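Please find one structure pasted underneath; my questions will follow.
Just so it is clear, A, B, C and D label the chains in written order, and each chain counts residues from 1 on its own.
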Amino acid sequence: MRKKRFGILTAGGDCPGLNAAIRAIVKTAHQQYDMEAIGFQHGYKGILDRDYSVLTPDKVSGILTVGGTILGTSREKIFKNEPGDERDKPGIIREVYDELGLECLVVLGGNGTNKKAYLLQEAVGINVIGLPKTIDNDIVGTEQCFGFSSAVTIATEAIDRIHTTAHSHNRIMVIELMGHHAGWLALYAGVSGGGDVILLPEIPYDIQCVAKAINKRAQQGKEFSIVVVAEGALSIRESKMEKSKLKQYLSRRPSAGYRVARAIERATGLESRITVLGYVQRGGTPNAWDRILSTKMGSYAAEMLFREEYGRMVALIDGKIDSVDLAIVADKIRYVDEDDRILIAARSIGTCLGVEA
Amino acid sequence: MRKKRFGILTAGGDCPGLNAAIRAIVKTAHQQYDMEAIGFQHGYKGILDRDYSVLTPDKVSGILTVGGTILGTSREKIFKNEPGDERDKPGIIREVYDELGLECLVVLGGNGTNKKAYLLQEAVGINVIGLPKTIDNDIVGTEQCFGFSSAVTIATEAIDRIHTTAHSHNRIMVIELMGHHAGWLALYAGVSGGGDVILLPEIPYDIQCVAKAINKRAQQGKEFSIVVVAEGALSIRESKMEKSKLKQYLSRRPSAGYRVARAIERATGLESRITVLGYVQRGGTPNAWDRILSTKMGSYAAEMLFREEYGRMVALIDGKIDSVDLAIVADKIRYVDEDDRILIAARSIGTCLGVEA
Amino acid sequence: MRKKRFGILTAGGDCPGLNAAIRAIVKTAHQQYDMEAIGFQHGYKGILDRDYSVLTPDKVSGILTVGGTILGTSREKIFKNEPGDERDKPGIIREVYDELGLECLVVLGGNGTNKKAYLLQEAVGINVIGLPKTIDNDIVGTEQCFGFSSAVTIATEAIDRIHTTAHSHNRIMVIELMGHHAGWLALYAGVSGGGDVILLPEIPYDIQCVAKAINKRAQQGKEFSIVVVAEGALSIRESKMEKSKLKQYLSRRPSAGYRVARAIERATGLESRITVLGYVQRGGTPNAWDRILSTKMGSYAAEMLFREEYGRMVALIDGKIDSVDLAIVADKIRYVDEDDRILIAARSIGTCLGVEA
Amino acid sequence: MRKKRFGILTAGGDCPGLNAAIRAIVKTAHQQYDMEAIGFQHGYKGILDRDYSVLTPDKVSGILTVGGTILGTSREKIFKNEPGDERDKPGIIREVYDELGLECLVVLGGNGTNKKAYLLQEAVGINVIGLPKTIDNDIVGTEQCFGFSSAVTIATEAIDRIHTTAHSHNRIMVIELMGHHAGWLALYAGVSGGGDVILLPEIPYDIQCVAKAINKRAQQGKEFSIVVVAEGALSIRESKMEKSKLKQYLSRRPSAGYRVARAIERATGLESRITVLGYVQRGGTPNAWDRILSTKMGSYAAEMLFREEYGRMVALIDGKIDSVDLAIVADKIRYVDEDDRILIAARSIGTCLGVEA
């Protein structure tokens, strides 16, 4: 009798912990349940291109500490076609799924990837299981995604470094971190890096309020400040713009960090410098905690395969590994909440969040 | 009218995050609630010696990233006296508490420190609040203690380094980590470092089982193995010894790592090398996640002060910051549990835990 | 009899190792030669403002590992005045020097700072000793400056991280590092980070040559490449522009990394992404090697004070600590040389340096 | 016509930078000179066992950052046989060398490995080139060996961590580092980690002198001290023992760090704690500077192959890559010298080196 078989792919932006999760899924499935994993290359694209191979335990040995994903990734759109492309992509996926005799497709990805998995299940009836990976930590249904812990660590180290220059030069140092929609990364790294001002997409900022916080520090003899800005942060005025107008407005201006630095200089007269951390936040060896979270989640996903708990995403709920219905996950973003403990803590130690508390 | 005043001290072994917690308590208390902090030097000893000073927000500025504790620490016994010392220590503590007009004593420490706080409250009626710090992560009532995250990170980096030597030399590398009673550190670092064998105080090991796991790897062409050992790990035979006999037995032998390495050599004939990581696990800059946990917990402790929630310890419960009655915490140890997800995950990916699964 | 006294200041951009050097100078001067150090705040500005204090050994204790400079820094122009400022700045410096009874002024800085020291000596006859600090490593007369080793380490870690994203996404990742005039940092970090293309200010690049190297890799199945660009790198065409025209041209365009990324996309059709590492390169704890170089150089500077070897800068010559006449150092830049071993090594392992070898 | 062919092996203890050097040799030889590399597995053992394969540029791609050695290593004795083994090992090596049509054997190793290469050349007339790798940095003829820079960095980070515990607990922390014969690692890491006492094999220590330094610090209010000990450090009394007696004496006692900690406790009455860093010092990703040194040295070795400069070891001489006759290298150890600048600097800032200065 043939072994139970499942497919596995990674899609969307890469992040630390993907390989650790792949390893845990494949090893657990093999050793505990005698199932076989088929790895698709470059996300959903690998299904469409029939680009796959069997992932033996041997192939995932030694990848725990390796950044990125051994399966490669892409941002393939499976419900949209380029002009001239007449393929029925969901149909092809169903075809390949059947050809290979898969019982389930396990996808590791962010909001988009998990949403696609959910829609595939609805559209062509295949079984899916999702795992939440993103340094943005903005997937609904889980308290943490893997990749986030490493990104916070990397961003914190960068803020630590910038601190000494701010101090030595008596300057305002602005550091822009990733986070278009949700400000988790800026908030966590801002708190752990000791940022004096933290600006998030969720809380449109009043530059006068920021200036006041910076000036207050200067009056206390601290003539430098660290300002942590999520790339999606907007001023109150910007946030009130009509959507298409805002898009146009932003396209003609440099990124959030630059806009904030310029505005601070105008409002305080103090010299400001900007750092955009960029892709460094997303790459490299996963830290210990992402390896652990990925290993727990990957091992749990294999259990779900065994128990045939389909249509769900592995999740951290009340601090424990569990799962959540993909219907709840799809098409939503988890935002920083006013009563999140980290936000309360940031405020209570005197961090400026861009508006009067 | 005088400000509300509280005392603060750190006791037991130092660990990363103490200063971050002190900073969050003092800043929040000052800024949110206009309370004043009195810092005692070197733990409970500082109360007995009347060695203290006011902790202004300025004094805790810039300490977020600094390892150790600015208050110093000691292992002062407050319910026991050396011969010739006739002091009524709890009485003196009550005296100083009253002299300074304290409303509460906030203690940052491990099992011993929190137990002493509880006993003081019972014995002399002072108000206390505890915070859980220990790299052992073995305090009952909280899912995580600060210091643990940094220790896991440090130990993981050490295992990563040892991996390459094991591989290049085809050797068994044994690494001994801290953890006399509970194996959390060895278990977490073992999983994140990809340890092939992990031996904990909670699970007495069968050396034949360990040898089998190592030999199985050798048969698969992996002629090296990483063995992670908590310092309190015992073989099945050792664990069955009568307590005083065991103590004598252990006193005549080197530490757990050495005993395991020797036993592996005898059982497999393979060359084994030992590393005892030691104090490196406990010192230095807290990692991002300990800074965050400490800041959340410290800020919460200040809220408890304001709400006069005494006799409790700040805790992580169901992934959220909360508090727990010190009566529940005192005099117990939180052990690794058979159905802990990390243990299940370790087993499911094929890690040997010293006995047949 | 009064102790022999000298002044000390740090000027220009801050960098790792400044505090380690200050510590070594002050400790050696005090302990070996019983001399007293006067520390000026914020570079030359501290002399003009009479902002100084005695640096006792105690004040420099514990600063070895601290980034930035405890003396602060500035870019004060001492041979130029703002409109309305009629001060004779060199005259004031001479005045303060005499008032304080200094025997020498020790300056820690880059090209500009050491040049000013030389000109001060020529203009007002004070004794000076220079120490070479800059992450650009471009001071003439020394084989290495402190700060450089840390910057190479930081930049290498960033490249390591970016590598995994490049690999997972099959993308061209461009990383822009500091270095306006000299490309040492980009070259060293490029080699240690395994950059496939390295573009330096000293070697104007031919984008077709870069594209060829990238395409060749793609043909070998490596569909990603890492391109390391110094911020002062120019294309051949740009490098031939008349100076004022080039300035205008550059002012209307984003930085070197962006220009290179755009040009690569046009020439290869491959998706390119850019990271500008920025101030992270310059801050934070000095690495072990900058601490060592700073300690050696600082201790040597104190010996020079004792031997009254004035008008010279501490330097690394033939791998040994020595000194060089400031007349040789002033007003020059040390460029990457065609027969530098690191350049030869980079070429010989197949790294593209922007032009046909 | 067949390509020019050479053999390559790594022997002795592994260390960071071996793979970077292998990569540079193979890539340069292939791309610049069209030569072919044969890699032997596990050092000289791989020649005796005819365990080898062609090292194509592809096989060394991506190994720059990988710790250990892809060729494996061993401590095979080629001029000595176990009882019952009658093989003429040098003869076999000559045989394999001829069979494969090698023009030269390139060995990467420490004192022993380079000595064996020299003796092989003398004994059976094969051509050899050596490269100096060792974290001990004790090979005669070169100012630096690769592996050393990473080891100093790792040991420095450990000392940094231990510092905070020493400070928080007012304790003497003793850290034992590798270095049986030469104390380079302890000396460099001791200086960069800010060790208060540094004990080397080259300078037998007087424990009264050490105690005096520690007590002096305590009088200045610094009730903690960091003591860095090379594993080969001896007290004056121990160093005067007759060799065989010393061996016996040491075999009955724990390592140098333990002996020093015990002696300090006896002499000062202060609580001392010991850390033995062990194998962590030798493994893991090479730091930026070892990657650079290995790349320079590897590329230079390939040039030497081309120029047929045999019988020599690549070396750093006067800060530049060069080579030295293996006859000079063989059978010697490079010790820390009294007039080495790092030793002078350590003394001049007040570090105790175990004897009165």
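In the analysis below, a residue touches a chain if its C-beta (ideal position, glycine included) is under 8 Å from a C-beta of that chain, and two chains touch if they have at least 3 such contacts.
Here the structure is a predicted model, which is why all the values come from computation and not from measurement.
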Centroid distance [mean C-alpha coordinates] between subunit D and subunit A, Å: 42
Centre-of-Cα separation between subunit B and subunit A, whole angstrom: 31
Centre-to-centre distance between subunit C and subunit A (centres being mean Cα positions), rounded to whole Å: 35
Multi-chain contact sites of subunit D, meaning residues that touch two or more partners: 157, 160
Arrangement of touching chains [line / ring / star / complete / other]: ring
Interchain contacts, given as pairs of chains that touch: A-B, A-C, B-D, C-D
Residues of subunit C that touch subunit A when the two form their complex: 10, 13-14, 16, 18, 42, 66-69, 72-74, 154, 157-158, 160-165, 167-170, 173, 273-280, 282-284
Residues of subunit A defined as touching subunit B within the complex: 23-24, 27-28, 31-32, 57-58, 61, 64-65, 143, 149, 152-153, 156, 160, 188-189, 191-194, 220, 222, 287-289, 291-292, 295-296, 298-300, 302-303, 316-321, 341-342, 344-346, 348-350
